[in-house]
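Below is one structure. I have some questions about it.
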Amino acid sequence: MEHPPLISVEGLSKRFPTRAGDVHALEDVNFSIPRGSIVGLVGESGSGKTTLGRCILRLVEPSEGRVMFDGQNILDLPPKELRALRRRMQIIFQDPFSSLNPRMRVRTIIEEGLIAHRLGGTSRERRDRVATLLEEVGLQADHMTRFAHEFSGGQRQRVGIARALAIEPEFIVADESVSALDVSVQAQILNLLLDLCEARNLTMLFIAHDLSVVEYLCDQVVVMYLGHVVENGSTALVHSQPAHPYTTALLSAAPVPDPFAGRDRNILKGEIPSPLSPPSGCVFHTRCPLMVEHCRQAVPELRAVGGRRVACHRAEDVLAMGPATGAAATL
Amino acid sequence: MRKLVLLLATASSLCLSGGAFAAGTMNVALIGEVDTLDPMISTKAVVNMVTQHFYETLYALDESWEPQPLLAAGPPEYSNGDKTIRIPLRTGIKFHDGSDMTSADVVDSLNRWLEVSPRAKEFKPLVKTITADGDDAIVIELTDSYAPLLSLLSFPSAPPVVVPQEIISADQLTATVGTGPYTLAEYKPDQYMRATRFDGYQSPEGAPSFLAGERQQNLDEIRFIPVPDANTRMEGLASGQFDYADGIQIENYDRLLESDATEPVLMEDAFAPNFALNHKAGLMTNPDLRKAVQYALAPEDMLLAAVGNDVFFEADGALYPKGHVWHNEAGVEEYNVNDPARAKQHLDAGGYDGTPLRILTSHQYEFHFKMAEVAKFYLENAGFKVELVVVDWATLGEKRNDPKEWDIYITHSPFLPDPAINQLLSADSNIGWSDPEKDAALKELATETDLEARKEIFAHIQELYFRDVPYIKVGNISELRGSRKGVTGVPLGPWMVFWNAKLPD
Amino acid sequence: MSAVTASATHAGPLRVLLQNRVVTLSIVVLGIFAIAAIFAPYLTPYQPNGLSMRERLLPPSSEHWAGTDELGRDIFTRLIYAGRVSLAVGLGVAALASVFGVVLGILAGFFSRLDPAISRLLDAMMAFPDVLLAIALLAAFGGSLLNLIIALAIVFTPRIARVVRASSLVVRELTYVEAARALGVSTPRILFHHVFRNITSPIIVQATFIFAAAMLSEAGLSFLGIGIDPSMPTWGVMISAGRQYIDTAGWLILFPGLAITICVVALQLTGDGLRDALDPRIRKSI
Amino acid sequence: MHTSSPPLAPPTLEVTALQTSFIYKRFSVKAVRDVSLRLERGKTLALVGESGSGKSVAALSLMGLLPPAGRIVGGQAVYRQADGTTHDLARLQRRQMRRLSGPDLAMIFQEPMTSLNPLLTVGDQIVEMLLTHERLSREAARKRTLDILRLVEIPAAERRIDDYPHQMSGGMRQRIVIAMALVCNPALLIADEPTTALDVTIQAQILDLMRRLQAELGMSILFITHDLGVVAEIAHQVAVMYAGEVVEQAEVGQLFSSPAHPYTQGLLSSIPHAMRKNPEEGRRARLNPIPGSVPPIHALPEGCTFRPRCPHSEQRCTLPVTLETAGPGHRTRCWKWEAVQWSTRH
Amino acid sequence: MVSYLRTRLLGMVLTVLIVLVFVFFIARLAPGDPAELLLGPDASAADAEALRERMGLNLPVPVQFLSFLGQLLRGDLGTSIFYRQPVLEVMAARAEPTILLTLMSLAIAVTIALPIGIYGAYRRGGAFDQGAVAVAMLAAALPNFWVGLLLQKYLGTDLGWFPVSGYGNPDASIWERVQHLVLPSIALGFAQSAIILRFSRASMLDVLGDDYIRTARSKGISERRVVLRHALRNALIPIVTVIGLSFALLISGAVITERVFNLPGVGSLIVGAVLRRDYPLIQAALIVVAALYILVNFLIDMIYLAIDPRVKY
């Protein structure tokens, strides 16, 4: 079942200099994405998940670390080779409104990658390819003469997907690709993504803040908090038995669309600290219900605990308490 | 609302009553700023007009443009074949700073004038020395006799004024200190210049006659106010803000005449506009084409455009106006021909190939530009291609020194007291009119001392002028000034001076 | 409501533009000015420089619709010919300033390393009042039609450059630019197809306003006697030349003043209309 | 806990056939076409719908806060004060509405970042509310403000009362907005997507706070949201909107367990639930979304607006549909509701 | 804050430096020089050359630039060629009419345009609003010298309400001088008011659409209070900037207006200096004007700091 990783992120850090100081967007991030799998990346705003997605594609230059893509560190690549490699990895964006150039027809939008990589053959062949792609993502071939503004949000997202798929990448980063959509449309797009992944054997990093979507879609999950990976393991395991207090809290905070479900919850106090001056030790200690003095000083290593990796000094305690008990501890 | 009206009414009455001043103060509106207070370097009328109140020359022109002694005690004494000139000086003359004028001051002043004045250019090579002869006379030694000397010494355009030695520094006068009837009391650039009576002034004798004669210092104070806009000068005169205004638009003549508060002052034949032709390079080196220009132009229309009313100009081709001592009619039939056919003949004879004729003009002198527009029309009518090069005066000043930049440039000039100092006739002027016959005549004009003989020489030169067309004198233009009714004692002439002026009671 | 927006957008900017009657009228007025300028020789029996000193300062009549000037030239004819130059100045300045501004603005907006230098330069240019900068430049270049256009284009460049820079900064962050980069699209193509093409609306709008502002500036400079070679009449030159006749022959300055005003109003209205039609932010809130 | 008391007591708010249009020079848009709601005293009614369904416009209509082009063109919205006095919010004069706004009706908006005046301290903005509606001295108002800030759990309220909005995080600002809305003890709180812009942990805090405040202060809440998860958390009653109409209203439990409108049913089945992997095929199960998309509001189909996307549609559905009763307190705008409910259960 | 001020001041100094270089070379690029003008129309090339020599104008331009910089470092902006006075003195003597003119026209523009713009925005689309917008449109389109000429003729010459031009006599009282500035200020303020009107209207419209205005209305406070306390204050913030930016426009307008009304101000001084190639004066005047503009905009940033709590540097 275990595949060799297509992507592996090693010691990745990113700091954005600002007038007020450096924003610590990513700190020593390590994880890998097995070929053919869908890995979910969850966290709240400010957790660094979007930056991480961009860094992996080198749309943002990381400050430190390596991103191995099929054995090659893409951060070392000169611009020309990087451009060539771009063919193998793509991104689908969150906002269906700003991610399509309003001055271009759908055909041009989808073709652009083909032209850039000299893939599409003649204009006619490219046109046919665009037509096929549009149909594959659930649109019609004659949509290619339209402009983006003539589509609904869900349809635009399909165009975005077609654009990413046009150059037949192996790896796709889906950055909150369904967050802006209404639930009924979101379901359509989720189905589409699943179909495509399976049909084309895609590897995908699925960035989301909605745990239920990740739980539904992903094989593995990476939970981030303030630039750090706090927990990483198979989705089923992390969801049923979270080993990090933050994961516990996140899971319990997510509203469950079931009025009959239990309403006992683990509500985190306070808010995510500023990435300008992240807390010492464990970055979560300011909000953690299980915080002990040690957490204030020592940065927890990402270590294997109970079949997943977790960065918490008290992961064993969290597991022992179980999700419900974890919640009780805060109340 | 009513309050506002009241306020406005008060405002307007106040501004009208603002015209009443202490008796003895005269407000004079000038056509522009006095660019420099150094009269020796500038030929600008406004500079020379104002500075005459502060500075004086050895001689001054009278009504018939004859030099009369001013700081000199009498006429010059010629000897050594007119090559040595002794000029006696008046004594007891005081400078504004209280010091006495000495012959040394006069010598230094004249030497500086030789260095800096554009008017001294012809004369300078002739001067061997200028020395003091005791305390009350100076002696000028020349290499050759020079007939226009006295005119030059009295002509108030970049004139040889006498200043104290101390204020002469290499490039400029360090203070405004002269012997004139008025002293500079206050100068606010572009706002006003206040000239107040100089109490230690020693007036020359004799009945006032233009710039010569007694200087009475009737006014306590004269205020020279630069007002570049003609309308404003007119309005200011009408409202009583100014007592005297230079450069009034001809259109306002009737208004000045009909008003109870004002009267027009017409200065006939004040100056002549000139079209200078480039004899050094380009189209105008071809005599036929020069003739073509001469025959094509319509001086009357050009003057009308420049001035606006035929009362205020005379289409006269002679180099000096009728009545002037240097007036003659030699060659004037070549003037005001305005015959496109004849012009065309010359155009063909000259083998004109359609190269545009470049007329360099400035719009700072609007009448230059107006004449250029009319000239263009008539030249094109005759078959020329014409290009107006309209620049500001600073640019024109530079461009006209480069023969490659122009074919014709437009300027104007007052009637000089002696034709020998007319630069445009000289071979080394920027138009470069060089002709052996003319050069010899010009030389003769400078050295001959007998007036009648000189007049004949000049008539010959004028004939050559019409033949060779070094430049085209377009005509005589009058100037309109405005005066508050009852102002007297301001002589009529190219320069307004106010030392004998009186305000009405 | 977004559906409504989509359909209004669908109507196309031109239709939105023409739906506004005032804007339509403005465009018609500008069209008349343009046609008059282009076909000037066919519209009048007189020559613009055809002077006739016997017909000076005639008031408007059936023969001379706008009277004659101090050299007896037909003012209506001169208005039409002057319109050629005035409009050429406006158009030329708008076009040239757009080119300069787009280059500077995109460079500053897209390449953050160039931004400080360019922004500083623009700041310095903005620190000069328009007219003063134009005067200084014209004094340096010398007054001619082309130099006037270049000088005014330089004066107005910061206006475009700042808009372009700001828009590029926004567009640069939009995800479709990122998508293009992710696709491996080359930078020049990104600059043109993704950045430039999406900021044309504010440029067009600004250029329209600059067109108007340049005409006013030209008139002002001509009035000061610094602008254009006055042998090539513009409306400003005509006012300037006619001002001394304001009491005796008011029509000399009345008509050119009206021409400028009408033209500038029409341009401003068109600019406003274009902004409404092209700016999606406003259109969303119809 | 979620069972409502029998609807004997008159409801706080009863909206009947409310219609709101946006009227422009050249065209008009019916944003709210037929909204009927019933909100019991002390309860929370969630108004659910996807974007463009008209739910926010409906809320703004009730508060008289429509943008200039918006007009209520039909229907009633009867608000009943504790003493039984009724006001038709759809017909109130501005001045009357102002008197009600604050002590009776209050509103919380979606965007905590922009809904506070950036130039005034948060304290001032709450004090202003108090001074407008109650005869109080400044000191007393400030004291009341401090109390309410503590009630909404602003830490170090004494200090933060003088902060400007930009000095606070989104969550804090939303607490301020809630404090401001509640400071005059309104009987009816209209909350327009109050947690949508917030992170999930902060959302949990705010929802928790609102629930507790309702228990303490006893106001009725009209809670507008698109998130069925949030609905399940907070609502007693739910009304589902589609294309400007309320298509179903029911008790929350009823709605989730036996939806009686195919749109509600479709929404519920679109929600990604836990792992649905089918181990035999090695393939994840697919969701069951509603096909197609919401029709543009100016091109709605005749009859039932949901018809083009509805798996149950038939010829009859082209005729106008009215609200049908599908059970106690359960109304649906679908005459095939029985078939729909049956299909949910199987 | 301190670091902001430091970078900000550094930026300002840099900008001024660019201005310096620019001004110096632009002045030297111009054909012709002061010598020609001083000498008058009858002078010859040799005269001009001699005068140039005496004035140090024929040194190589870079040498002149260095000596200019040297002077500047000693705080000396030079001496006017024409006025023979230190340029700062020349400018100081001409500052009053320009400052008064600028302030008066700004005052006229603001008092007229601000309330109209704000009220128009509040009653958006109404007759008042449409009328105001139309007038603003017209005001922005009228060439201000043309307006000046018409004002001169009708209010000045024909009706005699105000002095037509000039700045009064040397001994005129300040009141009299202010009267002389009434027509110029109207001419200049008119175009200015168009900009302020349009801007304040747009700003108010923006603000009225903001969420916190809706919040304020939902509180049941009076409409007056919503507009004055909540909307107006927020709307004023961008208006302050446009007033700052309009400083440059005012100076531009002043150049022309001073010419029309024959006011001895800085604007006409600069035009004169350019025409006469009075290099030290051109340099100093442009530098001072640019520096003032930069300073005004800096002050406006500081005002922001004072009135907008969000702005923290």
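When the chains are written out, they are named A, B, C, D and E in that same order, and each has its own residue count from 1.
Here is the rule we use: contacts are C-beta pairs under 8 Å (C-beta built on N, C-alpha and C of every residue); 3 or more make two chains touch, one makes a residue touch a chain.
Which chain is which protein? Per UniProt: B = ABC transporter substrate-binding protein; C, E = ABC transporter permease; D = ABC transporter ATP-binding protein.
Just so you know, these numbers come straight off a predicted model, no measurement behind them.
The chains that touch both chain B and chain E are C. Least step count on the touch graph, chain A to chain B: 2.
By the count of C-beta pairs in contact, the leading chain pair is B-E.
One finds 49 Å separating the Cα centroids of chain A and chain C. Chain centres here are Cα averages; for chain A and chain E they lie 54 Å apart. For the pair chain B and chain D, the distance between C-alpha centroids works out to 91 Å. Averaging Cα coordinates per chain places chain C and chain E 22 Å apart.
Residue numbers of chain D whose C-beta contacts span two or more other chains: 51, 294. Residue positions of chain A touching 2 or more other chains: there are none.
Taken residue by residue, chain C touches two or more other chains at 6, 139, 142, 226, 243, 246-247, whereas all remaining positions touch fewer. Residues 44-45, 152-155, 182-188, 190-191, 194, 198, 209-213, 215-217, 235-236, 239, 249-250, 252-261, 263, 265, 267-268, 271-272 of chain A touch chain D in their complex.
Residues 11, 14-16, 18-19, 22-23, 26-27, 29-31, 137-138, 140-146, 149-150, 152-153, 157, 209, 248-253, 255-256, 259-260, 270-271, 274-275, 277, 282, 286, 289-291, 293-294 of chain E are the ones touching chain C in the complex.
Per the touch definition, chain C reaches chain E in the complex via residues 120-121, 123-124, 126-132, 135-137, 139-142, 212, 216, 219-220, 223-224, 226, 236, 239, 243, 246-247, 250, 253, 257, 260-262, 264-265, 268-269, 285. By the touch criterion stated above, chain C contacts chain A in their complex at residues 6, 9-10, 174-176, 178-186, 189, 193-194, 197-198, 280. Remark: chain D residues 2, 50-51, 169, 171-172, 199-205, 207-208, 226-233, 235, 252-253, 256-257, 266-276, 283-284, 286-291, 293-294 touch chain A in the complex.
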